[in-house]
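First chain written, first letter: the chains are A, B, C and D, and each begins at residue 1.
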């Protein structure tokens, strides 16, 4: 039974998955993870099998194309020849520090119940300048997973460049060992300007995933698909930015959000 | 047993309800939902059968007409010829994002236990200008419910106008599918000036409900009743506004609220 | 087992109490409740039988007379001829809205387990001016309890004067009906200047309690005892005021509190 | 099973411990506890047997020496001739008042399950000036423990100097009685300038522990080891300071933390 007293995952289907590896693409700088995995889900026709709701998501629903859209994260699976995939995508991360932990823990617990042993999260690394050939940086829990991704060109010498990974993407990897998993966070280099969706960095990350995992992804249609996703993401980002400011700024501009209740 | 560690509903009576439809009228812009359903409860002599208390409501009691009044939401039922109704009205919404989710989830869980399959929430859409003939806008989860209300003149082409519905009214509808229900939010067009109660918009929404659901409501006494409710609502709104500012503004004006402990 | 994940009451003794009535004196404006009931506990040699700890109390311990003092509320009982008393006194109220509800609910649940049917809370009503003969105001849940206290001179026509009672004292009374109890809040008239302990108002409230309940209290030593309590209360108040500002003001003056960890 | 919905301790090993005494060295002013016990753990080759994770820690992971480091507290044991030791060290304290209580309670509950009856926490007392021969101050729950430490030169006449001990170190001692333990907090005198690690004060505290408990600690390498720990601690402190400001300051400088998600 769903309860909104804590983060809850609703299971729509219980697929049997062979040695599944999970890739998480949640919103963040440049929306790299979200558009990369959003594209993978579409291209591979992955099937949704669960939804995550959290009381630590923003307390509103969105109206998009005249329909009500409730903020959530979603789980998809894709059965490949040798092993299966779980993709996690979503509209939002938590607005709250405790919420980040609760969402990360809930995702890991759920993945564990499907026998998942490896989790990859995708984020962005904001450099403040625009790059044509973005690098992909990595930070991981185990040497074996580092070795696998190094071969595909991921840079792991990040000390001095990257000091923290904030939010669920960092915590999912950081806590993966405690759930008996290995984890890696792949960070696409991006300008980091607010509310910019960076398909070039997303492509760089997807290329790394293709190489390392032998995923069959046709990246030609990425630009086109990103454009289609763009309007929704832009709207959502802009609202969440407003909401974040209001939650922290103390409701002074409450009318800006057009409170409807 | 009531506990104030989480949102709790106290059941006063367990009525058997036939295919109940729920209409929720909580405070919000123009207090449209609250006065519309407050009026419906009075006119139909609906019977209170449950009360909801939440630790995420404001931490004070009100004194009204020399009596202590504890902030709560209330559930009423009304037995009609073909089907029964549940009305939810209340003094307040949560002051806190997590609270909005918890209250919405608690209401949905409770409604489900009575076999409720449809939920309507009523809110306001603040336009910034005064209108004589306010429009009623809608946003819903399912096409079938949209079709029903379109016939009664509700406008569903809201994209560009309305982007979010904040608070319990939005979340109740947004999460209704996860509880096996259909949901719709009806938004009465209103100026949206702070602490103004808008009976004209409430009448517009009630007219829509009458038409669509064949409710037997005499709207003639609405103005009169709204005036009677007005003093209490105005006082409550003014206190809650102060309290919201203090919670977010950091207690700087703590003495304004006349802290009594 | 005590846990600091939620408000917890540790029972030191389980007395059998005959038809107990509870009087709550927690900190607040003028510290009226705290000194009134602190005095009653001393004078009647009431016996401590439980302690309440809450994660929603301030996150520090005090050092007083070279010893560590942990913030808590305390339960005392006193066996009188006809019926027994439970007194609740404490160092603090919650710093947080949810905490106020949790503490109020925990106290009520605990009282119920001892068969308590009536609860009285004591607070202050800050008028902004000094009075020699302070009035005692009341707000209650039931007419019968109002009638009892009216005879002792308590004024119940408070509309226009008092609009809210903030914190545990208000909520304990406001929620008492939901726990099968009747409740009344007695408010001593006081100037309400910050961090002033008002023994005159405390005496006025104690006189009302004596008259209504036939309590055998010798009020002659009140002044003397209040002076003895004063140093500790003043220190605690001053620290809590600082802490409240820091929690709400965002740690800007963090070093003021001399963070020691 | 670890869950990130509340503070959780993962047990790696269940050692049988003889009459264990626990010493807690968490971050705080001058990082005295953290470096003192970090040094003791290294020198005595104490063995890690449990890890504590909390949703009330900061919501990010750190990258240190190209590896992901998740914020946590750690439990070590050391078997000595007469009795055994439990050392608690950690990267951080909670960012949140409720979290401080939850972490303190979780540590005490866990210690109790190993038959621990005494707990010592180490903190700093910031005086605002640099001292060559720092004093060690103490505050305790029981006279017997005070007597033991007085003999080693700890000063217990702190009234007027120290009024509060903020955070887990204070609460662990303050709540120890409720878990059937005795507790003492040792506070090394230190300048208290932000983000300064004070090995001289740490040495003063370790000397007291050596004398009182007959611990076999060689303090000669302290300086050297503190230098080795220093880079990590400095980085962590600087990030947490930034994070604290952002959580309280409302995300205005959100890009400073280089949000990566």
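Everything that follows uses one rule, which is that contacts are C-beta pairs under 8 Å (C-beta built on N, C-alpha and C of every residue); 3 or more make two chains touch, one makes a residue touch a chain.
A quick note: this is a predicted structure, and the numbers were derived from the prediction, not measured.
Student: I want to confirm something about chain A and chain B. Since they are copies of the same sequence, is their interface symmetric in residue numbering (over half shared, so same) or not (under half, so different)?
Tutor: Shared-number fraction below one half, so different.
Student: Could you work out how far the Cα centre of chain B sits from that of chain C, in whole Å?
Tutor: Result: the chain centres lie 35 Å from each other.
Student: Where the CA atoms of chain A average out and where those of chain C average out, how many Å apart are those spots?
Tutor: It comes to 49 Å between the two C-alpha centres.
Student: Counting only residues that touch at least 2 other chains, which ones in chain C make the list?
Tutor: Touching at least two other chains: 249-250.
Student: Chain adjacency by touch: line, ring, star, complete or other shape?
Tutor: Shape = ring; chains linked end to end, path closes on itself.
Student: Please name which positions on chain C make contact with chain D in the complex.
Tutor: 1-5, 10, 51, 53-70, 95-96, 235, 239, 247, 249-252, 255, 257-261
Student: Can you tell me which positions in chain C touch chain B when the two form their complex?
Tutor: 6-7, 26-29, 33, 93-94, 97-98, 100-102, 104-106, 109, 123-126, 139-141, 156-159, 162-171, 173-175, 178-179, 183, 185, 187, 192, 194, 244-245, 248-250
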